[in-house]
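Order as written gives the chain letters A, B, C and D; numbering starts at 1 within each chain.
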Amino acid sequence: MTQTVRVMKDPGDDGRFGEFGGRFVPEALIPACEELDVAFRDAWADPIFREEFHHVLREFGGRPTPVTYLARLSEQIGVHVYAKREDLAHTGSHKINNVVGQTLLTRRMGKTRVIAETGAGQHGVATATAAARLGLECTVYMGELDTQRQSLNVFRMELLGARVVPVTSGSRTLKDAVNEAMREWVTCVDDTHYCLGSVMGPHPFPWMVREFQSIIGHEAAQQLHDRGVGTPDFVVACVGGGSNAAGIFAGFADSSARLVGVEAAGGAAIAGGQPGVLHGMRSMLLQSESGQIEEAESISAGLDYPGIGPEHAHLASIGRATYVGVGDEPVLEALQLLSRLEGLIPALESAHAVAWITREAGRDIPLGSTVLLNLSGRGDKDVAQVREILRGRE
Amino acid sequence: MNSLETSLRTRRDRGDKSFVPYLMAGMVPDWLDHIDALVAAGATAVEVGIPFSDPILDGVVIQRASLASLSAGNTPEGILAELGRRSVGVPLVVMTYFNIIHHLGLERSAHLLCAGGVSGVILPDLTLEEAGPWRNVAHGSGLDTVLLVAPSSPEPRIEKIAAHAEGFVYAASRMAVTGRADDDGHAAAVVERVRRYSDLPVFVGIGVSTPQQAREAYEFADGAIVGSALVERVLGGMTPTQTEQFARDFVL
Amino acid sequence: MTQTVRVMKDPGDDGRFGEFGGRFVPEALIPACEELDVAFRDAWADPIFREEFHHVLREFGGRPTPVTYLARLSEQIGVHVYAKREDLAHTGSHKINNVVGQTLLTRRMGKTRVIAETGAGQHGVATATAAARLGLECTVYMGELDTQRQSLNVFRMELLGARVVPVTSGSRTLKDAVNEAMREWVTCVDDTHYCLGSVMGPHPFPWMVREFQSIIGHEAAQQLHDRGVGTPDFVVACVGGGSNAAGIFAGFADSSARLVGVEAAGGAAIAGGQPGVLHGMRSMLLQSESGQIEEAESISAGLDYPGIGPEHAHLASIGRATYVGVGDEPVLEALQLLSRLEGLIPALESAHAVAWITREAGRDIPLGSTVLLNLSGRGDKDVAQVREILRGRE
Amino acid sequence: MNSLETSLRTRRDRGDKSFVPYLMAGMVPDWLDHIDALVAAGATAVEVGIPFSDPILDGVVIQRASLASLSAGNTPEGILAELGRRSVGVPLVVMTYFNIIHHLGLERSAHLLCAGGVSGVILPDLTLEEAGPWRNVAHGSGLDTVLLVAPSSPEPRIEKIAAHAEGFVYAASRMAVTGRADDDGHAAAVVERVRRYSDLPVFVGIGVSTPQQAREAYEFADGAIVGSALVERVLGGMTPTQTEQFARDFVL
């Protein structure tokens, strides 16, 4: 498929990606969103801010992350797989890119405090980390169920000086943590920035987070170019909210590469959802017959989100990117395969992308193709869970 | 000018203060009886919540009411049908989140709302910029779309909102979700700013929970909206008779 | 102190660092040690091997790791602290440098299998990782007590395809795991390389491991030079066996920098030990009155070793490096301080170096000095333990 | 030429095979009685282990014996003093790890060993290259330092070891730690290679655990060293009388 539409650009003042996006928030938050839009637009056009962003990611965040050729996997499945190693970024995933950007912006806006939502805790830990470095106060909202399931991450955030607030409303998971963070943001917009964790929420968040994450794709494109690989045939990333996918897609939006987002089968907002409005955006959402938002279900906490960033909904609708789902079982197998063959224990989220590649090699992915895989995070956070599952079967 | 706005303006022009209580539809089996009780107590209009799974402008009390209603199996269609079968006698304003309307479809929503006897809607996550398509449809059905003004709204924005406001202007007394009444709020200042640009009735909401607070609001605003304080009691087992008694104290 | 002796060079055929080092192993292992010496000497002189080593560390291991200026800590304690970020290396510590080198060498020697000892599991996981990547078979010996205390790392190694053998002899900890690995090596030297985890053991291990780890120091020296910091006044690293310390010291051996190794107070082989022979080397060892080796005791599993690499014993004896001890309590505080101020949760091992710096700032370290800290690893592996300790106090 | 070597050569030259049993000193309270029993059974010499915390050339049985001895509070000095008080009647060879000697100090060790009636030492982690200083001291005290040859030792190395060997040459039958007897081993080949370069008595050790295996060794070697098989039984409660009976079967 050769693409001529230019995509992944500035979504304009109303934050539209085709029919998706926008800004659906309480009136009280409109000024803060507008202020953020102006501030980000200004900062992102400012070479000094950009340089600072890159400097912090280099010096503190561990960028550039390498691209690793997965020789043994490639040989086994007959396609050439290159992995962009976001697992090597500080705190163990691509989440650091976004929070470094947003905390620098927070300081630039003269705010002294950030709040964030978190599901399993990855974005919460990343936010607490970036906030600690700048001396910003930090409060993280986390579903009460998740605080129990991921109590170690709660402790990690506390070590980093953040306050963690268990959210007891609704299903007491990620979706409710977002609700609660938005509710709290209303009360403290003056001095507080809401550091959203993915390419979701009201404008300018989906755009801003994509821009901060686009460093993944730009680096990878350059790295593949430098080693003579050129444009890959496929760029594959897992999709929760969609930030790591947006980040890597951004480096290949105008290329001939096929972009593939892999959702958890039990949280497939594109395949299983309908257009709707949630958390400040119009996008594809899992909904009941009467328009209530449904719980996503996945082995991986980071893909347990009933929606998807609006730009992905748009890319899907125009056919520029394809979104597929994989179930828990092949994900577990992919995690084990990559560990054993390559010495890389991927995050369960990232293992979704691996699972799709191994499934489709020789089918949707012609043999001999070149595939760029976004290894969005490391699996250390997941090994206890994986062990319990595998043990339960013995 | 639609029915809601006409009646509220008339009242305002008479110098009467409006008491607008809020109830979540379906939160208790006899919710309609509570509405009747509110009307009997002298409510000017009743704000009826349609539950949504993710109510981001609501505090814990109304969250609980949403959950209770959803757990009881209520749907927007069902609620509006029930409302339509009851003749309430004062204007009804539905408060819900935009996804409910979006999911039903704009036309269908407007139709069902009208059939339910509703004359206005409050959609706290649908601000002016995003409201266009819905407002067009709503207008066609004679439904007012009430807009909110917050303490954080800057004047140029208030001016713009005022220019598009319908029914009444919902002046949020504080930067908070529903049910918060832990400080004095900024109601007077917000109302004053709205008045500069609008001659619509201005009602104060968010954090009005006692008759005393309502009276204070009546000093400078045209009415007060009382939600969580009422909902909490109804969830706690208050009977319609008690509801009538409770509500009476809010009526000037 | 200005130094004129040239140190940290090739220890020659008998592997001596002054009075320390050597090769004290069963006769059966002598040929394997000699073969290894020859193979390493040959490989290390071969630009193709070196380039492969660097390539793998770059592409797979995440090198170069950055040097991060710790602005908030520096301000608080009045000395300029730069951290070499080995926590960002693949698998979370400097251990990967050594195992990448040794596994490449294993393949070069035509061997198909590695064995390794591990204490808490860091070196075991690193070895399993590097072995997986090359398709080498891998067996890891781990004290039975440690397999229980660090059961998640056992699972991690198994995920990576390694076999983990619990060692039931002696104190069932690291020291005994080394013994057992050596015992097993005797039985399989033909096809198996023993991938030792620190600058210890018989010649050529202390030298070879130091050379593989010296990439830390050489990178750091270049990085400090490039940003105009020049030679730091102090280079500080924690010391278990001593590999991360040797690695960073190697970049500054001939400079004016003061080299400081920080041992756990309860495992201070230099301060509390005597010369002795263990695990194939002559070095400083914790011993009882009658020459039995004593258990080290430390909050951090990685410093729980009763000995120290022979080159460190030598550097101490000639005064080129200083070795100091810090207790568990200041280490816990240092871990919390660095987390809160800098968004870096250090490994408990690395927190020893931090603790010494914060203790001595304005005392042994004059205010205004420049200090290079080797942040040898990340603390993710330790947060559960730290939580238990801190909770126990509430 | 020292006392150990002299007596072993004499025996060898007579065509007699040597049986050298091993016991860990202090592993049981009556360990010295077991030594007497072994002598009574016809042992040519006795190898006496001094326990070390980290015995890297020992398998599980001798590890257990070390631990038992250490747990009983035994020290090298104590053991050698006890040995010195008993008159054993055959040459005693001490087997321990170099740190024990290193820690006591080389001179002091040599002195204590002599005082204990010991005529040779086996230090499995002290190979030729590192043995120089110790051998100098040992020579001065008339102590033989026994060197090992392993199946992995290449011929040039065997030649070198042979040139420095004292007492006897310890031919390790297999690439393994003590106590392993799970394959045939390479004893004959190792012995044959040693013979090319040395005319010292050559004893086979590591993995000789049955009288049958000892007899096989006697076919090509000058003697056999039996450790774990014996130690395991003594740890298991075998009495000195039973030890004598058990040992007798190994004597040709």
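A few comments on the model shown:
We take it that a contact is a pair of C-beta atoms (placed from the backbone, for glycine too) under 8 Å apart; a residue touches a chain by one contact, two chains touch by 3 or more.
None of the values given here were measured: they were computed from a predicted structure.
Where touching is counted per the definition, chain B and chain D have no chain in common. Common neighbours of chain C and chain D under the contact rule above are absent. One inter-chain figure worth recording: chain B and chain C are separated by 66 Å, centre to centre, where each centre is the mean of the chain's CA atoms. Each chain gets one centre point, the mean of its Cα atoms, and the points for chain A and chain B are 37 Å apart. Touching two or more other chains at once is no residue of chain D.
Across the assembly, chain C contributes no residue in contact with two or more other chains.
Chain-to-chain contact here is organised linearly: an open path runs through the chains from one end to the other.
Within the complex, the chain C residues that touch chain A are 58-60, 62, 65-69, 72, 85, 88-90, 92, 128-133, 135, 152, 155-156, 159-161, 335-336, 339-345, 380, 383-384, 386-387.
Residue ranges of chain D in contact with chain C, taken from their complex: 52-60, 63, 67, 70, 75-77, 97-100, 102-104, 124-127, 129-130, 147-154, 157, 161, 172, 175-177, 180. Residue ranges of chain A in contact with chain B, taken from their complex: 14, 22-32, 169-170, 175-176, 179, 182-183, 186-189, 274-280, 282, 285, 287, 289-293.
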